[in-house]
Structure formats: structure tokens, C-alpha cells
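This report refers to the structure that appears directly beneath it.
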Amino acid sequence: MFLGLVVGTVVSTRKEPELEGLKFLLLRPCDLDGKATTGSPVVAADAVGAGLGEVVLYASGSSARQTTVTKDRPVDATIMAIVDTVEVDGAHRYVKE
Amino acid sequence: MFLGLVVGTVVSTRKEPELEGLKFLLLRPCDLDGKATTGSPVVAADAVGAGLGEVVLYASGSSARQTTVTKDRPVDATIMAIVDTVEVDGAHRYVKE
Amino acid sequence: MFLGLVVGTVVSTRKEPELEGLKFLLLRPCDLDGKATTGSPVVAADAVGAGLGEVVLYASGSSARQTTVTKDRPVDATIMAIVDTVEVDGAHRYVKE
Amino acid sequence: MFLGLVVGTVVSTRKEPELEGLKFLLLRPCDLDGKATTGSPVVAADAVGAGLGEVVLYASGSSARQTTVTKDRPVDATIMAIVDTVEVDGAHRYVKE
Amino acid sequence: MFLGLVVGTVVSTRKEPELEGLKFLLLRPCDLDGKATTGSPVVAADAVGAGLGEVVLYASGSSARQTTVTKDRPVDATIMAIVDTVEVDGAHRYVKE
């Protein structure tokens, strides 16, 4: 998985029917401090009710379809967890407020 | 999924038979404003009837085969949705005309 | 899928038995004009009888195994189509000779 | 697989239920000497009891789900082995202390 | 598949049991002349008995598990063939000694 910062949402009315009911959040890859980096934005289905400004873990590829809400759906990126803390070499680098 | 801007089409007469009947669109990765970036172009099967100049969401890998039109076909990128709006930090960055 | 330019062949006598009989072509990623870029070369199984100098579409990952000639074989890149034309914003950028 | 250096942990209380009980370690890609490089950090499930400062092998994609602890779980990166030695051109470049 | 140059080995005693008996070789991505490039090293399971200094073809992702020795094992990169020749535009660029 990778760390991502939730920065927004993507809305679509015309889409593959199997995507109906999923919420798509816009993520920026982020570093160990939870700050967005310049990497390409990712659009991920939300399996955990994440919100703007939260740091999350998302899975890509076929693993993105291994949750109850995304099973057999055509998604290749899913938010799997909301991060509480990132600890590096024994010190907290990121703590959720 | 990633955001892509539809910039063209790719036509092929000599191809794997399982690709017959699919439409292949040429995408440029795009930023949160819906502007094309310098990333490598992607050729994606179209599952939603997207058109030139539209911003779309496309899925890659095995997830690209989880739609009715691409099931069991040898495609690794499929357009899943036409994007209406991209909202970042509470403001619209892209709105479909 | 991605666009690739066929630039050569790779020959191997000592290989996984399941690869026997497949032809492996050497591809360079290419731009919308069909010109090779500096990206890493890819070695792809050929499912359509492509030849030197042709622009092709190739699929990667598990999708590369969804053709008759590559089914259940350990290949992760397969040429799926020979490109006739690439049209961008209404104009031909590449036309097969 | 790729080589990674374990640099920390990621903790999450709100997550996909299928992730319960897994430990998530933070890896930095590393070179043949076991030194971290500037590549993006990866968050991997731990299948072998790895610890801070160890060099590990991790697998990505669907292969990350082929272990007893990760089977059918939505993870796309799993630590598969703790590296004892990396030998390059006949000389040890990394030896676990 | 990609071309890789075998530059060494990785040894691990503490690992996922399903990896027992596999040999892990260290590869550097290489160019059409069989020279190592600066790309990230890859650790691949060996399905063909490759040796130091040989140029090989390796497959990634789920395709890496489609060989007899790697079936259902948690590996995401496998050496599938030892390369004899790489021919580009009609001339040999690499010939195995």
C-alpha cells in the first residue's frame, strides 16, 4: 500500500453501472510527514469513510477489489485504512489530529 | 483509477480477435484542472461512450476486465467514467462543459 | 495498452518450457507519431504476426495472458494489435505505410 | 521482489475489517548495500516478523496475497523474507548484523 | 517481460515457508547491448538455472507464478529465459558468449 492525502472528490454521472454507489476520492501521494508530494493524483474508491485532509492507506491492482464494497467491481485503487500515526525510527512523524 | 484526457483514437484492422468491436481511445494523463500532462499516452478500451476532449477515469490491470464490454478480453486499460467535476479543497478545479 | 515500435527480436534456447513456440519481439515505447522514445525496452510475445518497424498495441500484466497463444503461459506483455492510424484532435499523427 | 529497508510502522484503527491483525511496516526502497534510496515509501504487511533496520524482500500485487497471513486480504505489498546477505559479483555488499 | 543482467544473489533464512527451495537472483535492468542501466535492482526467482553475468528475460506480477517452480508461491518476478541474442534493426546488439 501507499500513503495518500485526501485532497478532494471526483463526481461522475455517466459511468460503468458497476461503479454506482461508490465514492471516489482524490488522493495525492504523500511523504512520511503526511505532506502531499508532486506525484500523480490517484482516484480511489473509499471503503472506510475517509474525509478531506486525512492521510490514508490505499491498495492498487486486484487487491483493490478484495473488500466488501469493491468486490468484483472495476476499481483498481481503494482506500483501506485511515492512518492514525506514522512512526519512523521510533519518533512520530505524523499523528492524526 | 487515474484521470485522463481523451485526445484521439487508435485504429487497427489486424488484431487479436477478442478485441473486435471495442473502441480504443487515446488518453493523456491529466492534472486536477483537466489539463494534459507530459506523461506517456495510454490507449484504453471505452466502456462508457467517451468523446474527444472529455476528462475520464480509467482503470488499469485486471480491473480493466471487470466490465460487461471488456470481460475476459485482453485489455489492460478501460475508461470507466466520464468526469463531471473535480473538487479540490472545497473548490471546483474542473467542471465538464 | 501502450503504443510500441517493433525494433527487433530476442532469441532464447534455454527457457521455461511453457514459452516454447512463442515469438518475442523487442519494443520501444513510442509517441503519438510512432517515433520511439527513450523509455525502457519491453519484450512482448507476439499474438498477431507483427513485423519490424510496425507500431503496435501491447497489453501488460494478467491481460497479456488472455489470448489464444498466450493462455496460461508465463508472459506479462503481449502484442495485441498492429496500429493502422493514430488520430489526435482530428488529424492523423501516424499512418501505417 | 524488491529490496526494502524497514524504517517504521503505520498504525490505523479505522480500516477495512479484513486488515485486522496484520502489522504494517513502512519500507524505503534500498540499494544493494542496504541503504535507503529516495524512492517512494511503501507500506507492507509483515508475514515474517521483520524489525526496524532490517533489509527485507517484499512482493507486490496479487503475489502479496499468496501467504498464509495475507490470503484473500486486501493488501498489495507483503514482506516475504528477511535478507541475510546480498552478494554482487562474488562480494558481499550487505550482511545482516 | 524485461531484459535483466544477473549481477548477484540474495540469501534469506527467515522467510515465508512457500519460498523454500527457490533461488533468488539479483537483476539489474539492462539495455539492448546487455549492459546494466541505473534502474532499480529486481530480485527474481530463477526458473531456468541462470548464472552470474547472463542476460535474462523476467516476467513480473501474476505471470511470475505461471511456472512449475513458482506456481501458487508468493513471488512477483521470475526469470523465464536466458537470452542468446538481441537483434535490433537486423544487427546483433547482444550475443551470449
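A, B, C, D and E are the chain letters, set down in written order, and residue numbers restart from 1 in every chain.
As a convention for this text, a residue touches a chain if its C-beta (ideal position, glycine included) is under 8 Å from a C-beta of that chain, and two chains touch if they have at least 3 such contacts.
Computed from a prediction, not measured in an experiment: that's the story for all the values here.
Student: In how few steps can one go from chain C to chain D if every step must land on a touching chain?
Tutor: Step count on the best path from chain C to chain D: 2.
Student: Rounded to a multiple of 5, how large is the rotation, in degrees, that superposes the C-alpha trace of chain D on chain E?
Tutor: Between chain D and chain E the superposing rotation measures out at 70 degrees.
Student: Averaged over CA atoms, how far is the centre of chain B from the centre of chain E? Could you give it in whole Å?
Tutor: That gives a centre separation of 32 Å.
Student: Once you find the CA centre of chain B and the CA centre of chain C, what distance in Å lies between them?
Tutor: 20
Student: What are the residue numbers in chain C that touch two or more other chains?
Tutor: 61-62, 64
Student: Can you name the chains in ring order, beginning at chain A and moving first to chain B?
Tutor: Order of chains in the ring, chain A then chain B onward: A, B, C, E, D.
Student: Which chain E residues qualify as touching chain D in the complex?
Tutor: Those residues of chain E that touch chain D are 7-16, 18-19, 24, 26, 40-44, 52, 61-62, 64-65, 72-77.
Student: Across the complex, what residues on chain B touch chain A?
Tutor: Its residues touching chain A are 1-3, 29, 31-32, 37, 39, 47-49, 57, 59-64, 66-67, 78, 80-90, 93.
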